[in-house]
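Next up, some structures in structure tokens.
Both complexes below contain chain A, partnered by chain B and then by chain C.
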Partner chain A sequence: MSEAASQAQAAPRVKPAPTLDNALAMGPVGRLDPRAKLVVVFAYSLLMALAYSPVMAALGVLLGFGLVAWARLGWKVFISRLVAVNLFTAFLWLFLPWQISLGQSVWGLGLVYNPDGLALALLVTLKANAVFLALLALLGSSPVNDIFHALAHLKVPSKLVTMFLLFYRYLHVMRHEYQRLRQAMQVRGFQPGSNLRTYKTYAQLMGILLVRSLERSERVYQAMLCRGFGGTFWLLDHFSWRRADTGFCLMSGLVLIVLALLQWSGISWN
Partner chain B sequence: MELIRLEGVSFAYAGRPPVFQGMDFSLSQGQRLGILGPNGAGKSTLFQICLGLLHPQQGKVYARGSLCQGEKDFRALRRELGYLFQDPDDQLFCLTVAEDVAFGPLNLGKGHREVQRLVTDTLDSLGLGDYGRRLTYQLSGGEKRLISLATVLAMQPKALLLDEPSTGLDSERAAAMEKVLDESNLSWAMVSHDQSLLERTCHNIVRLEGGLLKDLP
Partner chain C sequence: MHISEGVLSGPVLAGGAVISAAGLALGLKNIDYDKLPRVALLSAVFFVASLIHLPVGPSSIHLVLNGLVGLILGWAAFPALFVGLVLQAVLFQFGGLTVLGVNTATMALPAVLGYYLFAPFLRGGGKTAPVIAAFAAGFCAILFSAVLTGVSLYLSGEAFLGAAWAIVVANLPGMIIEGVVTAVAVLFLRKVKPELLGMGPYVE
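Right, the complex of A and B next:
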């Protein structure tokens, strides 16, 4: 389809959205059945969320790095997302190690160093990163579409899956609409600054986006009705479960059990 | 065989002057009707009333001679009348092209294998055979428009309601679309403000003006 390609090139291209699609890896992890990956990542996230020892969380991070390496995601994507996640955890390090001590008067408030807070910040950071790395490696290596379908196959309520699907589909339309509006503002000489006019303009921009998406949602629903929508989003693709998927599930189950035993078998970590 | 008939339809959007006042409209099998009208004349509104997406304050809608009263009647009507929306982004709500084309047939309760075949055949007929796995939001405007047509055709309707079908198509694609329509045995009502397009594709043309359909002078 060279004609299509030339047409695609002629159309003004906007910079690609920072979605999971861009991180698509074609390594061995990318070929695993998304259903297997979803189940494993869910169990793993649950375990990590419940973990209370830093050693365990650190093990989780190591495991996560292993998965990312195995999934062969691009390093650039990986680093940029790692930074984004840890911008949040940085705040924990900033605030948690300090405790407010009450003095004699209101003015006597003082900040006191609290080592427990520091330990907590470390634990949360490790846990967050462990979960994030596993999510990125396992879910980031499948097309978003496949993940939604896998959710449906795993009997997640169809309303939820439909909502995810439509959300993801129209996120792109909204982004285009937002960019068009921004451009319309720019060509009429709008320069954002730190002033009331800018805030007002942005508020209007958001308002217009909201109204437009409301109207669009009505039209989309009409389009769905026109094609006989009766509440079910049917699935066209079916995944094929391979031997490698069973192997992956068994291996992951084993690792998760070992981790759980390490955590709750009564071994003291201190 | 009359497919759809509107009788004495009056419609107004809340707080705005009426779009239609006592308007009549009908489309029969074998008919190819062009509807010409300026922007805001109510061309899209007409189609939405036909399919029960908007409800007129007055007047009646008949499908194959029987009165449409509730959602159930319109549901049956929507299988026979395929509606091509003005904005393809409204029409393509699935993530991949194949899923979108399959959406209608699956809703009609067709079997999986039959749907797969329908999807391939429909896309092939529009020269879009290799588009099945493409993501809808990454298509160009013209591609989206043609895929929208494919989603409508895959439901194997008897007639089409086409809302500005050539918008966003380059001349080559527009010609391809006209050819597909012309070679089909479909009836349609097509609204456009492009008179030459209507003259090429339709048997007779009416003008929508002041809320009424009038014959061209």
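Right, the complex of A and C next:
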């Protein structure tokens, strides 16, 4: 047996966890300025959140599919997240079309079909997917650090942005720490099950992680002081606004205005 | 317990945004710059915790630990949970941007409430009172979060009543497990790092 093959056999059974970052999109959306994308996706979310006509929500879903296709993110990510988002909407489909009617006694509970609930479930599903698709295409196509930097440039309070950046930076460290501890537990024969022992073990694992994070945070702060931290977290990324960004903002603004007019111009959709 | 985008009505979204903005402002005011890395790294651990799935019978639930967040961080629970929710929106498109306010409030309000109700009992000398208080903090945090989620659904439309009840009932096993995990974690921290619970280094 070759060395490579024996190494492959000896590989740990724990699958490496996926990285916690967005892959750069292949399409032109990935190259757009994150500031432009943030502003547009926020305005779009707001508009969709307030939408009450299924026609507009359906238009939003179509737009979202267009954006995702334009971003070219890869099918795997797209499908898995689409499923995750629609678990919640599926749950609503289960409950919305029925109304609980109380009979004479507690045991006289009856379920009454409620057509309004069904319409609401449809509307909510369309809206949720419309926003999800836009978020995936616009925010999922930028690295997380770029988005946080863009938030700083958009005048989000600096304390909050500093916290975001530190949080995200050390999230990976703490996750790695967790995976190391978890592996050590596995080596010692830990098998999670539905029992008190498992829950206690995980609680102590969390305790260790908290203690280590506290101790690390002290070292991090000292290192920051060494580098002259005085309350300002200097940003090194400055985005350059291109003509494509202006074009994207203008186009999106136009689409948003048309959508808003469609809904609030008084045209009845029924 | 996140509500996804597109479900809640405008007034509910606005209400959640106002509450969370106030909580964030208060929380950030309480964090001095020298404590910023501390809160950021603790938030990172809590985010990692939310990725952990514990087996419950044939299914599994993921940890939330907002009760423990509240006990350790007080009002800083608002920014701590907020950064996690923002990352979820950016990374997994879970939740969304306009529901951030509501989702932060439903998670952080119970955390802060637990801080005022239960944190004082953690510092006592005996073992019984801290264990009961910590269990209650973990249990109630999930209970109140589920109730607040249900209420925000119900306020958005009466048709959501059934779904709102289902959320509260479905979270019952989670409440008990979070209670146990919080209690054990608090006992551990009392022994190993009492500073995290607002206690001096050598209380006992």
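What we mean here is this: the second predicted complex is superposed on the first by the 247 of 270 C-alpha atoms of A that agree within 3 Å, B and C clash if a C-alpha of one lies under 4 Å from a C-alpha of the other, contacts with A are read in each partner's own complex, and residues count from 1 in each chain.
In this text, a contact is a pair of C-beta atoms (placed from the backbone, for glycine too) under 8 Å apart; a residue touches a chain by one contact, two chains touch by 3 or more.
As the structure is a prediction and not an experimental result, all values here were calculated from the model.
In the superposition on chain A, contact of A:168 is made with both chain B and chain C. Contact with chain B, but none with chain C, is seen for A:226 once the two complexes are overlaid on the shared chain.
For chain A, the partner that touches more of its residues is C, with chain B and chain C as the two candidates. After overlaying the two complexes on the shared chain, residue contacts for A:120 are found with chain C alone; chain B is out of touch. By the touch criterion stated above, A:145 is placed in contact with chain B alone, chain C being left untouched.
Once chain A of one complex is fitted onto chain A of the other, the partner contacts of A:236 are limited to chain B, with no touch recorded for chain C.
Once chain A of one complex is fitted onto chain A of the other, the partner contacts of A:264 are absent, as it touches neither chain B nor chain C.
Put simply, chain A uses residues 21, 144, 166, 168, 170, 173, 216, 220, 224, 229 to touch chain B in one complex and chain C in the other.
Residues of chain A that touch chain C in their complex: 20-22, 41-42, 45-46, 48-51, 57, 81, 84-85, 88-89, 91-92, 94-96, 98-100, 114, 116-117, 120, 124-132, 135-136, 139-140, 144, 147, 157, 159-160, 162-164, 166-168, 170-171, 173-175, 178, 192-194, 196, 198-200, 202-204, 206-211, 213-214, 216-218, 220-221, 224, 229, 231. On the chain B side of its complex with chain A, the touching residues are 48, 51, 53, 75, 78-79, 82-83, 85, 87, 89-91, 93-96, 98-99, 102-104, 106-108, 115-116, 119, 130, 135-137, 140-143, 151-152, 155, 170, 172. Residues 2-8, 10, 13, 24, 28, 31, 33-34, 36-45, 47-49, 51-52, 54-57, 63, 65, 68, 72, 79, 82-84, 86-87, 89-94, 96-99, 157, 159-163, 166, 177, 180-185, 188-189, 192-193, 195-196 of chain C are the ones touching chain A in the complex.
Of all the residues in chain A, the ones that touch chain B in their complex are 1, 3-4, 7-8, 11, 21, 144-145, 148, 165-166, 168-170, 172-173, 216, 219-220, 222-230, 232, 234, 236-237.
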